[in-house]
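Next come two complexes built around chain A: one with chain B, the other with chain C.
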Partner chain A sequence: MRTDLATPVQRAPVINFGRRTVAIRRFGGRVSLRVDVRTLVVTAVLLAAALALAVVALGLGEFSVAVPDVVSALLGQSSGAVNMVVVEWRLPRVLLALLLGAAMGVSGAIFQSLTRNALGSPDVIGFNTGAYTGALVVILLMGGGYFAVSAGALVGGLVTAALVYLFAYKKGIQGFRLIIAGIAVSAMLASVNTFMILKASLEQAMSAAVWGAGSLNKITWEQVLPVVVVFAVLLAVLSLYGRRLGLLEMGDDAARALGVRLEGSRLVLAVVGVALTAMVTAAAGPIAFVSLAAPQLARRLTRSASVGMVPSAAMGAFLLVASDIVAQNLFAPIQLPVGVVTVSIGGCYLVWLLAREVKRQ
Partner chain B sequence: MSKELKEFALTDVLDDPVGAKAAGAGVAGAIAGARLSAENVSLGYAGRTVSEALDVRIPDGEFTVIVGPNACGKSTLLRALSRLLEPSTGSVLLDGKSISSYGAKEVARRLGLLPQTSIAPDGITVADLVARGRYPHQKLLRQWSEADEAAVLQALEATNVEGLSGRLVDELSGGQRQRVWVAMVLAQQTPLLLLDEPTTFLDIAHQIELLELFRRLNREGNTLVAVLHDLNHACRYATHLIAMKDGAVVAEGRPADVVTAELVEHVFGLPCMVIDDPVSHTPLVIPLGSGAAA
Partner chain C sequence: MAVNRYRLLGLLAAISALVLVLWLSLAMGSKDVDFAALWPAITAYDGSPEHVIIHDLRLPRTVTGVVVGIALGLSGALIQALTRNPLADPGILGVNAGAGFFVVLGVALFGVTSIQEYIWFAFAGAVVATVAVYFIGSRGRGGATPLRLTLAGVALGAVLGGISSGITLLRPAVFDSMRSWSAGTLSNRTWEIFTTVAPFILVGTVIALAMARPLNAMAMGDDTARSLGANIVRTRAWTIVSVTLLCGAATAAAGPIGFVGLMVPHVARWIVGPDQRWILAYTLVLSPVLLLVSDILGRLILRPGEMQVGIITAFVGAPVLIWLIRRRKVSSL
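Moving on, here comes the complex of A and B:
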């Protein structure tokens, strides 16, 4: 099918952007886009790698399935044990790893862009610690099940986010104040968390610790649908507001001069960022470091000026699927919580990041 | 509302044959079209009033320069005119309507501002930064139209940075970087351009280069408003001068008509002589200081 309408109008770019870009214009100019070739390629490769790993992950485990069988199970061409293992047991977990990883990448990109700081990710600014506090209260005081703990984590995370916002608020929000306030609040909450675990029974303390590391171990189809719906809604909001991130990075006056409503845009973006993190935490616990590392890694690969949400999402999905494979198989048959793996990877990354920042100054 | 708009359009038409731009024609301050004006505004920041009951009209087609001592309220006025600062009383009118009644992007399509400080994201290229000036013209599905491309190219050429378009902004000299920011504002393609101390931190050659660019833009039909520190640059390049002191307008008009030794002494507290600039035949302010050399 090659008609004029369906073929993008591609011309040699007249303007030298210093990198290869392609202008795509369709439907008589009603739809147009400028695509950075390197960003596009990096995103596509990351996505392909994440999907390939996902297929591998579906085959790995006590009951191992060969890749061709995994593919045919996914296409609905197998039945019985293979179908049961691949589609019913493992697919929800792998799907959620992809989705939650992507959500963390996007959330990290939002916060790092809003704070103009590579450290400005939701885990650094206190959200995860607060979510853990909320979950602990539910586990220790009420002894609730999966959804009760999720709700507790949500409330804890949101209250913490609101608190940090209030502490950092001074005629609008400034990135660095937000990070400092977040570190302070999460330090206090961390001691509250430790205190609660010390006071709990051994059994409760162990289940709290497993939750607190962030784990995909007990994911079933039941937990996938809410994530898909929430993620879709948040992405729809982001498609309207996402482009303002790059403008906000240029300073308040410049962004306003270009027609961005500052506080409104910031609030919407921050709420979406918090909601993405809240969604992840509610589904799988506070998985650390993916939102910190994914945007910066993606940015280095794409060599772009701003942290982009789309490449960050692809990188986040890749990181979480890869981490989950390691978590499941490193000490098989013992399954580690995926959060333990992301912390180890993220810790190395953080050391490198800090060392680099120190060198620059 | 539409009546007011018509009135403005009418004065525009009446004004044009007079040729406000033909040097020395109409008396400055005479009734001219003014798409942008501040009516009886009080301006200030939390608890501190800078200006009270200020009336300022920005005459169309002119290069207006606002001068005055530090903290006289000139940048505050510019912020109010560009909607960065909400007046506590009175209103800023843009095309006959209160500027706060427009959508944010709509204002940005009529009025461009070069703020005092902007941050270029690390690792952004010149063309990428300039392209961000197109944001007020773009939509969700229309993010890079042919008009966008043409506007960016034109802005790069007008500011003479098209040769740098693929370079990183971080790598440029101060003068080049300021021209890039001007290009970004030009890419916005607004008939009104507001510049907040655009020449600060530049060496003299780059200052003149930039002022020449502003003059050219003005002669091409844009209305410019700039806050400048250097009084002699203001005298040379402004077609309309506004002198401020303590938050109030003390004098306005063509530099040749308003700049006198008395005015400079009154506004800046600086004893001086005003002579004729031998090159541009505009007023040239010579500070007296501790007197002539022996």
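Moving on, here comes the complex of A and C:
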């Protein structure tokens, strides 16, 4: 114990005011927002990186285009072959990669926040397996095109989610019962999927498997518009409910004390999360691991205590664009489904996470 | 004591069910044979077509089914106890992905085509994956904690699965062999396959049964287990050895068969409570019952064709699981 109390204080004590934030107030306080500086910077950097990669992706391929030419094509200043390749062929795919990546980041953030679990995902309720079943039925039995497959996947996924919910419902929903029911139903559907793949011709089975891995190949402008509209609607809903996530994370009692209606908010948020996943699956198949990895990576970069939706969205967009570049060019001219790449990257991320935890101990 | 008597009676009932299923498995299939002909076919083999079917086709298939069922069930029970995770199954430690990855490599690089050759690739893959998961999960001071093992298994499984599907999607021939392997089947199992995997499964089973008591202590948490005198590091290591042997051999013999390892230990736990000795005993008997019943159904559904047992197990098991969770309070670990 120090006894020299008489010693004069040499330096002013450093007071920790917490993280640096910027407050935004407009319209007489009706719009008021406090933004963490580090989160802002990280999100901006991620977005910039994602856009830069997107420009690079627009130039890469069998017919390569230099970056300045890509930019001028995007600004509508070029015509002919360059315009055709960049704007008509490649832009829809890159745009969709950005949008879907962001959607998966948000969806992952919602579920990880709701379940307070780094491994939480819409998969718990068997959505993706059901979507694959729906898509397989359309591809193998009905031989439908892109939109038919999307519809099949949507129906399959939603019916599965509803079934799991029903099986688990008995005077309310208990988390553990929901998970077990999800596993049971998923296991049954997975074996249906295996059987259908076995019985199909090799060619059909391969194209179904490509869909099942999640792929952005053969995307055109026709498929971008529906995604933009749905995404906009879901984001609008989310802007009303999103801030309650942070309150819900404090635990049920604290959230209730702070004025959050628990069940209603949870249901809306979960529905939006499932809808985002459904949108991604319908557009490009079940792309794995982005919704798992993006929120956690963003959380570590922003050094915040919980997963944030905006940084997660930026991270998701960045990850999917990067993965798609790898998927397109690793074995060019053969194109891998992007899901194969995201799974590998996601797995490596988990291993890295484990290694980091070891170091910290 | 009264409780133990009920448990024992239940176990006897399960064993009689197993015996019944064994006989059914010999008798039923694309060609039904007389029950009266079963015993002579085994003891006094005379080479008639009926005896050939029973002795050379269904008998090796049935005994392979029994050992594979035991291996899947026991490994599931051990992994659930070890990771204290009720959702854990052999798949979660990356075993199936590892086996699948090596089979893909075998088909793609070495042109392997027959089951006899698949076995060794699958076994090596399962062993390599489990060992790798254990080493990734057990680095650092905390050792192989349940959460880290699970994460490591999921991560490695994802990477290997991703690379496997990348390779198969690039090469249609490999894709074609893999889709039939990945369904998991007991058809065309010869005595050779049985004798190859049985020793591994036997050793794995012995180790598993020896782990029942230490795992009971571990169920109370690491600190309590330590104070009860259990050696945590040694228990974990031996459990992993046993799981590796069991899963590796089962996957090698029949391909990845899901759900048996996940479900049977749950059912056993619901019947007998948390004592691992009883759970393992019940699992030992009930897993082959589930696998053989599924296999028989697979033979009957598409007569004269067959449906792979790996496809049936989920359809037999899942409704039972849903019925159980709706009926009872769910058992936690």
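By our rule, the second predicted complex is superposed on the first by the 302 of 361 C-alpha atoms of A that agree within 3 Å, B and C clash if a C-alpha of one lies under 4 Å from a C-alpha of the other, contacts with A are read in each partner's own complex, and residues count from 1 in each chain.
Quick note on the criterion: a contact is a pair of C-beta atoms (placed from the backbone, for glycine too) under 8 Å apart; a residue touches a chain by one contact, two chains touch by 3 or more.
Treat the numbers as computed from the prediction; the structure is a model and nothing was measured.
Participant: Once the structures are superposed on A, label A:240 by its partner contacts, choosing first (chain B), second (chain C), both or neither.
Facilitator: first
Participant: For A:170, is the partner it touches chain B (first), chain C (second), both, or none of the two (neither)?
Facilitator: Once the two structures are laid over each other on A, A:170 reaches chain C alone.
Participant: Which holds for A:331: it touches chain B only (first), chain C only (second), both, or neither?
Facilitator: second
Participant: Using the touch definition from the top, say if A:25 reaches chain B (first), chain C (second), both or neither.
Facilitator: Only chain B; A:25 stays clear of chain C.
Participant: Could you tell me if A:33 is touching chain B, chain C, both of them or neither one (first, second, both, neither)?
Facilitator: first
Participant: Does the superposition put A:347 against chain B (first), chain C (second), both, or neither?
Facilitator: After superposition on chain A, A:347 lies in contact with chain C alone.
Participant: By residue count, is chain A touched more by chain B or by chain C?
Facilitator: Between chain B and chain C, C touches the greater number of residues in chain A.
Participant: Looking at A:184 after the superposition, I want to know if it touches chain B, chain C, both of them or none. Which is it: first, second, both, neither?
Facilitator: In the superposed model, A:184 contacts chain C only, not chain B.
Participant: Please output the residues of chain A touching chain B within their complex, sorted ascending.
Facilitator: 14-19, 23-25, 29-34, 116, 171, 239-240, 243, 246-247, 249-251, 253-254, 256-261, 303-306
Participant: Mind pulling up the chain A residues that touch chain C in the complex?
Facilitator: Counting only chain A, the residues touching chain C are 119, 167-168, 170, 174, 176-177, 179-181, 183-185, 187-188, 190-192, 194-195, 197-198, 202, 205-206, 209-210, 213, 288-289, 331, 334, 336-337, 340-344, 346-351, 353-355, 357-359, 361.
Participant: Using the touch definition from the top, list the residues of chain B that touch chain A in their complex.
Facilitator: 46, 82-84, 103-109, 112-128, 131-133, 135-136, 138, 140-146, 148-149, 152-153, 156, 165-168, 185, 188
Participant: State the interface residues of chain C toward chain A in the complex, per the touch definition above.
Facilitator: Within the complex, chain C touches chain A at residues 86-87, 136-137, 139-142, 148, 151-152, 154-163, 165-166, 168-170, 172, 175-176, 179-180, 182-183, 258-259, 262, 307-308, 310-315, 317-319, 321-322, 325-326, 330, 332.
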